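Take a look at the structures below.
In what follows, chain A forms one complex with chain B and a second complex with chain C.
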Partner chain A sequence: MTAHQSTLTYVFAVCGPPGPEAEALGGLSGVAPPAPVRTLAAGPLTAVVQDVPAADYAEEALRERLSDRAELERCARAHHEVITASMAAAPTVPLPLATLYRGEERAREALRAREESLLTALGRITGRVEWGVKVYALAGQPAAAASSPGAAAASGRAYLEQLRSRQRGREERQGAALRAAERVDTVVRGLAVAARRLRPHGAEVTGPRRTHVLNAAYLVDRGRERQLRAALASLRRDDASVEIELSGPWAPYSFADGGTAP
Partner chain B sequence: MTVAAWGSVPAEAHGPIGVPLVDLLDRVLATGVVVSGDLVIAIAEVPLVRLSLHALLSSVNERVAAPWTDSGPL
Partner chain C sequence: MTELDTRWDRPEPNGPVTSNLADILERVLDKGIVIAGDIKIDLLDIELLTIRLRLFVSSVDTARKAGIDWWETDPALSSRAARDALAVENAELRERLRAIGAGSEEADGGGDGGRGGAGT
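After this line comes the complex of A and B, so read on.
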């Protein structure tokens, strides 16, 4: 970035022809109001962009900004809001948070250089949405009174046996939860055109009561929402030992660059 | 073409404040490399962001890649 440059081009998403109408983006504040969120034509593609102050978005400033929890959340939600609006108006390939160029012309060049793969991505996501499916293993029953320290002291052998049996119980529950996760994944893949595993969340997010065993995203035809919900309802009835959560419909964030075939 | 309202089934609704941040970050940070920007803020490599996300996601483990990579224990 040159020292005198005052704005950068933030690219939220790429849409296919003809791209979203200006009105669809009209009320959005984007990541850096009051500059408008607008479209930028790049050959057959239309980017959804906003001019942002270079002083606030240059590398160091951005690093700092994204290190701040509240600011990270603000940026992520603003980014998401623009993508959601764009997706409601035209097929949209979301770009990662903070995809920045040194001006419009650089943004155009970058899109032109990846034109073919972006058009392929647009073809893949058109008429489809992303659904998130999470499976949690529920914590086992609290240890029985027999495993209290007082009882354990009664006999070293009994104590060891209790430890082993508790360990076996944990392993069995874990194994059962992983198998349940695989069943859920298999069923949802059957309804999807692509799937992707995300990393399960840790205990600070899920709470102590449950363990996250599946965090997956699926690219699904828009018309299949009812089928998807029915399939999950049926899986929930079959197995009460896990919790199954559905989120969406999302813009196809996890499928901008492919994902694996189901 | 319209998108159904988020969480149109009550049991799965997320309320008017919007989607859970942790799910959002899974996505806005994880989106594959479709195009590369001029300013590549490789978010996973930024130590400060890692720390801040660590508190939030608690799934950053020094021995494995960042939490938004396409991986899992299964």
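After this line comes the complex of A and C, so read on.
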């Protein structure tokens, strides 16, 4: 195998044999169109790859590009799109953004070197998908018994009392939101084979009116989606003080290398 | 109370219905099985960028910078908060009294998420 001078091999994901059919990857532009997104056989494994221009994906160029928010977003979405398509067609272990080799043969070598752990990962995720569950506290929601501000503020003592009660209300809401998050986590863990906490999102993502109190991922058997949705619907009915969101099904990003037991 | 998470996002044709950029980034940058590539790009470098600081609450400190003082004011979450609770209340009180003295009326609902942008 002669090393390609002008292209690198970008590896999106690893699947078991036979991997996704060519049609499943056909319409994808990947990270560097127009080169096709295709499969690459590597022993018992099948990689999902794309040839990318070496000039654009050398270390410096790559670092620069991923430091640009718009470009980072484009790459991340393209990477994710390929993995999602692959996952729809075959059990898929995602690799992180920008896993790059100097040619097909180097990619094969790397997969061979990690064959055992990749096969273990495939065994763990086959027939399962990742679901994201988020719980938000609704910030700034007035306490149930808010007193009328104008009149109360007339007296300093009453005003102080009003502030205290507002503070108490806030603390109660926060405590309740955290307890709600734990309840949600416990219920969903009961349906999952593995779980993992992710970092809560900042205000730029959540908006100013709510605070992210639980960001978690769960590895769940494909057949349990309805149960999961029903459980969340019931949790929502029980507690209107928080928002509960479900995202997915995701490729098992958060469980490719494990995760905690539920 | 909705299952959709599209408020700050555009829908993605082939992905899950609910994939905002933060959801995707936390997965494609941090997760997946890591095998050594030939091109060494430390994705943790990206950690240093304001992009990440703005999208994720990686610590209480970052949360505070992002204007989320919520954690600090909850004594159950932070022992420091317990110590500061009175000071915070006093500061808030002074602020409110000043506002009232200046004739301005009720503004704050208690949540105050508007303390400036994130990421310094």
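Basically, the second predicted complex is superposed on the first by the 229 of 262 C-alpha atoms of A that agree within 3 Å, B and C clash if a C-alpha of one lies under 4 Å from a C-alpha of the other, contacts with A are read in each partner's own complex, and residues count from 1 in each chain.
Quick note on the criterion: a residue touches a chain if its C-beta (ideal position, glycine included) is under 8 Å from a C-beta of that chain, and two chains touch if they have at least 3 such contacts.
This is a predicted model, so every value here is computed, not measured.
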| item | value |
| --- | --- |
| Overlay on chain A: chain C relative to chain B, clash or fit | clash |
| Contacts of A:Arg114 with chain B and chain C, given as first, second, both or neither | both |
| Partner chain(s) touched by A:Leu160 [first = chain B, second = chain C, both, neither] | second |
| Partner chain(s) touched by A:His80 [first = chain B, second = chain C, both, neither] | both |
| First (chain B), second (chain C), both or neither touched by A:Ala24 | neither |
| First, second, both or neither for A:Arg197, with chain B first and chain C second | first |
| Which of chain B and chain C A:Arg69 touches, first, second, both or neither | both |
| Contacts of A:Ala181 with chain B and chain C, given as first, second, both or neither | first |
| Chain B versus chain C as contact partner of A:Arg170, first or second or both or neither | second |
| Contacts of A:Thr211 with chain B and chain C, given as first, second, both or neither | second |
| Overlap of the chain B and chain C footprints on chain A, listed as residue numbers | 8, 11, 14, 57-59, 62-63, 66-67, 69, 72-73, 76-77, 79-80, 84, 93-102, 106, 110-111, 113-114, 117-118, 121, 132, 178, 198-205, 229, 245-250, 253-254, 256-257 |
| Contact footprint of chain B on chain A as seen in their complex | 1, 8, 11, 14, 57-59, 62-64, 66-69, 72-73, 76-77, 79-80, 84, 87-90, 93-102, 106, 110-111, 113-114, 117-118, 121, 127, 129-130, 132, 178, 181-182, 185, 196-205, 213-215, 217, 222, 225, 229, 245-250, 253-254, 256-258 |
| Footprint of chain C on chain A - complex, ascending | 8, 11, 14, 57-59, 62-63, 66-67, 69, 72-73, 76-77, 79-81, 84-85, 93-102, 106, 110-111, 113-114, 117-118, 121, 132, 134, 137, 139-143, 149-150, 153, 159-160, 163-164, 166-167, 169-171, 174-175, 178, 198-205, 207-209, 211-212, 229, 232, 236, 240, 243-250, 253-254, 256-257 |
| Complex contact set, residues of chain C against chain A | 1-5, 7-8, 12-41, 43, 45-46, 49, 51, 53-58, 62-63, 66-68, 70, 73-77, 85, 89, 92-93, 96-97, 100, 105-106, 109-114, 118 |
| Interfacial residue positions of chain B with respect to chain A in the complex | 1-4, 6-7, 9, 12, 14, 18-39, 41, 43, 46, 48-49, 51-53, 55-59, 67-74 |
